[in-house]
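Given below, in the form of structure tokens, are the structures.
Common to both upcoming complexes is subunit A, partnered first by subunit B, then by subunit C.
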Partner chain A sequence: MPRKSLFQRRPLLILGIAFLVWLLLPGIIKTFFRTSIIELQAPSRQAASVVRDVQDYWALRSAGRNTLLRELSDLSRQNSYYQLRSQRIALLEEEIKRWEQLYNLPSHPEYHFEIARVVQRDSTTWWQEMTIRKGRQHGIRKGAPVVFAGGVVGRVREVHLATATVELLSSPGLRLSARISGEARPLGFQGGENRPFHPPGGRLDFIPADYQLPEGTEPLVVTTGLGGVFPEGLVIGRLTSLEESEETLFQAGRVRLDQRLHQIREVAVMIALEESTQASERE
Partner chain B sequence: MNKDYRWTVLFLCSLVGWFFWQEINHFLSPVHLSLYLGGLLITFGILRLPLYSGLIHSVLIATWLDAASPTYPFGTGILAFALLHLGIYTLRRKISHDTSAWMILTALLVNFLLFLFWTVYHYPRQIDPSGYLWRSLVDLVISQIATTIVAVWFFSLQNALLNLCHMPLDEESPLSP
Partner chain C sequence: MRLFALYRKSQSRLKIFPVFIAGMLIVMIGGLGWRQLLHEQFYAEREEIQHLRRVLVPAPRGNIFDREGRLLVGNQPRVSAIVYLNELRPQFRRQYIDLVREYQEENIPSQGHNLQVLARATVMQRYMDKVNQVLGRQDTIDARTVERHFQQERLIPFPLVEDLHPREYARLLEQLPSDSPIQLFTTSLRHYPHGPLASHSLGYTGNLNEIPPEGAPGETLATFHIPGTTGRSGLERAFDEHLQGQSGAMIWLVDPSGFQFDLVEHSPPVPGNDLHLTLDARLQKIAEQAIGDRRGAVIALSPQNGGILALASTPGYDLNDFVPRLSSEASTRIEEREAWLHRGIQGLYPPGSTFKMITAMAALRDGIIEPESTSFCHGFHTVGNRRFPCHNRQGHGEVDLVEAIRVSCNVFFYEHGLATGVDRIASESRRLRLDQPTGLEIPHESRRMIIPDREWKRQRLGESWFPGDTANLSIGQGFIRLTPLQMAAYTAAFASDQSFIQPHIIARPESLRAVSEDSSRALQLEPSHREALLQGMFEAVETGTARFARLDDHPVAGKTGTAQVRRRGETLHMAWFIGFAPVENPEIAIAVLVEGMEARDSFAGGATAAPIAREVLEAFFNPEEASDILEVSVSP
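After this line comes the complex of A and B, so read on.
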């Protein structure tokens, strides 16, 4: 009978020792190991995203001329509308600055919007996140707010060389300060309602017991600007119902998030201009 | 120990499987569904490789999956995969592990156990427990259906790649093309 080695005789013991070694391993080594694997995974994710872009391009190429002309005409109409809006916003911004100077108010932070393609959406039962095709080399910072046309998308959880991971608003781990549009009191929002075939949702906590939902309407829930991550007034979702609690003085509410949250192809990462300038100076 | 590098071929094959799994999840995301196929990736290694080459394969896959997972400490999955590997490996002598039906059943069992582990692990941080359990049940059902459909092809692919690399299994597998 061939002699068995220790590895063959005591597999559980070896596993236990390996586990102990893993536990005692310094965090920096584990982080390095993990980051290296993510950087190894990045090219395959980016390649898949580029292939999808090429597919979209050829699908557009095969569209009829009339469809393209119609799209072009719609776009030029929208373009003129947004040019007018842009002029109006510039005037309002000037006025705000004048008032700020007049009353010595702290100025609103200004942001640079870094547009990024979504490489991969990963909305499992356990977490909700997406990978974007911009990273450290594009000035993306950890914790930066991420937005799209419908409001808040989430915040940057991890930044890698050419990619970044965004924790979505529908993720149970994401909490932020919010308020109901038209109300001043700050409330707590937490994501985490992800039923199949339903729009994503979250919960609004600490709603005062005397607050009543206006009949026939679903008020907007927006960010408060407290906490320093998300600027004020970004749309989170709509408050659809209230749940009274017998134990506390507050109510909780259900918030319906934008249905497009899990279909987005492009997002904008908000980078505070001061932060961006400091980073470029350091470089 | 004998130098057995069949786990390298299986690992590369599993990475291909992982890539397609991630792509499917990307497209399922708008309807709020997702697949979990972790069990499928490691079953062949558990049933058809010697203990240590199979274990290396399972640990590598777990490390790869752990790196991209944001909600638990890096290494939790490695422990879960390794324990499950050892558990199923000790049972493999009692089952006829070289028939495709048993391999599929084992893949379903391994996938179910891993899914259950992660579902229980993440349960305490949920704000909508009933919604979470409903979503988990639907995801589990579609994951098991997907495993059943894909398993035979995936095991045959792994077998074919081993033969292609001149690293055949110890005995002829019924899944050989």
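After this line comes the complex of A and C, so read on.
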């Protein structure tokens, strides 16, 4: 067998050298490279996302008049319903504020919602993240909670100029303080129960040993608001089963997350008003 | 070989060499075989001991429930923010190198060990700062604590912050990355949902640095203990073994530095067994509320089986103050209020007029009196040259046994007590087992009760017994000392026509059984005699001294007592009530004692103790009453 010359082995050699150089590079340079690549890719990703939006727009344009009228009528009904709900919520908020003042309670932080389109979604078993079309220039901050109509989506992990990466609720790296609806005790939710061809899931820890799953129901798991990141009462998922934990004081539970997490097109990033005011003052 | 053969021919002395070498080889192979085949087990064990370490994890203690299955003592998680030193070793090393470089650059002389200590403390403080940042605290790391942990307990997690409030652990959970070396570590702590309820009886736990290893694997290995708890008083102490559970064990393969390398075996802890009591938490609460801020005891039990329904001792203490450990301020508070004493089983008091029942029993049993026997009360009785007063200074006039019990006439009992004599009264007391502890399962029941007689006085005081002593004893005064539990047990026994009933607080299948038919325990009083005593007690509640214990719906039999004790130059009053209800087929027997603290506390059995008993009896017969008294609020 003829021996390969050094020239013939060049690709492997270059790859090896590049790998070694990458390993030896200081962290700051690696971060710079990574960020630069993301920023360079961002316009193309954004463009692709806009194109998808345009496609959707034209797809809707081609819908029949009757379909549109029906949709319009449905929307009008929902709109009336939500207007009523909105009035009711406003009244309740006023009431809560009054009680808070009466008892000198700390008021709940208020948020403004920055709506963002999803550019790219990777919710495979390996990666649990999505990229959204809003970034630093839109006031998005690292760690901000991200929600959608079904509840929690995740948390902003990285912020770039015009895009941001959101760590999904189903990521094993995401933990948050949760409680079972109707229970007061704070528990720990951690994403990561993601088996191929199964809906996304997570795990609920620190469930007291005396808790029993109500028969035939799957109680909601919601945020506690105690953790300082997510406000109270956002839906995380449903508790489907309990299993004994090695720590005999507790049980662990499986949480089924919203199936729509894999198909979300639009999310809202919650930015604490106080935080955004401070940021604008700094600017 | 040829060379060797040549030498063998020429040097016959060389022949010894092959023999010698062969011998050596045989010894060597034999030695190897001996060590590797015959002593294989020994060396395997030594290897294990050198490379394996055991970490014992305490089991959650069993719960304690009342007769209705209400939780009296449970467990709550104790969450701590911890780091495993093993995971920080590369950082320790880096920090050490940085420090060495720094010291060299600045020409500061230092010892390597000191720098290692400093490096470890610096790294730990960095993690502490992260926790501080999330929780808004300003905790610091003590380098000596880190070093001690590093040297002695390196397999045990190092606690950065212990006892995190749910809000705090929620913040850490949400704000620290999931792969952070800072982890949340939970152990179990005792939780008392009703705080001070039955504090003396339930007891408290204390920290135990070396938890019991029984049943855990790896008993020959060097062992590290995650601290647990052990019962220090009350039922927690008496049933510590039952409640303790079986410790879990983690067996780690360690590297030459003694740090975790691989988890070889993990056996999870087995929770302790639960304890079910005869106590009724609702009744207990009502008893404690009824006695209020006063010092004393309320004991209620079933005359049918001796099961304790309430065992209140006041002042008590909040058992949650002992979790995780009692602060010196809380300890001082308990000390100042003299609240350590379980007055129900340890407090010794003269029983006062409640003892008249026993004097009467002794007199009736030996035929000294009949139910019809009378005395004339002028308001006092003279013994020798000393006047013994009745509480009614004007006198009760002529009284028979029933009337004497109803109005608690001292003169009747002085007169007939003297006729009966100290020996018979003491003998009757012993028949009712008042000279010994009842044997309740709660530890430290007093053994120092006194049933005085001639022998006792001679031995204890070196004096003879005088008739005045008998007069005092007849009305439960003088040297006699009994615990409220003894009085309650004696009342329950009398209610069920027994001489003794074994009180118990642990629910057992036997407790469901009716009173023993054992004839040796029967009271063995003439029915007419017992009837007269019952009538006296009934009338005492209906119209006599114990009328404040009267219930509208259930006939109650009772007897009050007000004993005097000289303490620190003052005469203090001890208010007593003993009784049971209903008079026929009694379901509950009760003893109440309220202890006077100062001379101005004008406590009396009828006015002070009887109303307390009424509240408890009323609650017993009306289970729906105050059913929400035990509601526990749960907050995050």
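We take it that the second predicted complex is superposed on the first by the 254 of 283 C-alpha atoms of A that agree within 3 Å, B and C clash if a C-alpha of one lies under 4 Å from a C-alpha of the other, contacts with A are read in each partner's own complex, and residues count from 1 in each chain.
Here is the rule we go by: a residue touches a chain if its C-beta (ideal position, glycine included) is under 8 Å from a C-beta of that chain, and two chains touch if they have at least 3 such contacts.
None of these values were measured; they are calculated from a predicted model.
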item: Partner chain(s) touched by A:Ser177 [first = subunit B, second = subunit C, both, neither]; value: second
item: More subunit A residues in contact - subunit B or subunit C; value: B
item: Touching partner for A:Phe206 - first (subunit B), second (subunit C), both, neither; value: second
item: Partner chain in contact with A:Gln120 - subunit B first, subunit C second, else both or neither; value: first
item: Contacts of A:Val229 with subunit B and subunit C, given as first, second, both or neither; value: second
item: First (subunit B), second (subunit C), both or neither touched by A:Gln190; value: both
item: Partner chain in contact with A:Phe250 - subunit B first, subunit C second, else both or neither; value: second
item: On subunit A, the residue positions that both subunit B and subunit C contact, one per complex; value: 172-173, 190
item: Residues of subunit C that touch subunit A when the two form their complex; value: 59-60, 75, 77, 134, 166-167, 169-171, 173-179, 184, 186, 188, 266, 268-271, 634-636
item: Footprint of subunit B on subunit A - complex, ascending; value: 5, 7-8, 11-12, 15, 18-19, 22-23, 30-31, 33-34, 37-38, 41, 44-45, 48, 120-127, 129, 157-158, 165, 167, 172-173, 190, 192-198, 200-203, 262-263
item: Residue ranges of subunit A in contact with subunit C within the complex; value: 172-177, 179, 184-186, 188, 190, 206, 224, 226-230, 246-250
item: Subunit A partner contacts - residues on subunit B that touch it in the complex; value: 1, 15, 19, 22-23, 25-26, 29-34, 36, 51-52, 55, 63-64, 66-71, 74-75, 78-79, 82-83, 86, 118-119, 121-122, 125-128, 131-132, 134-136, 138-139
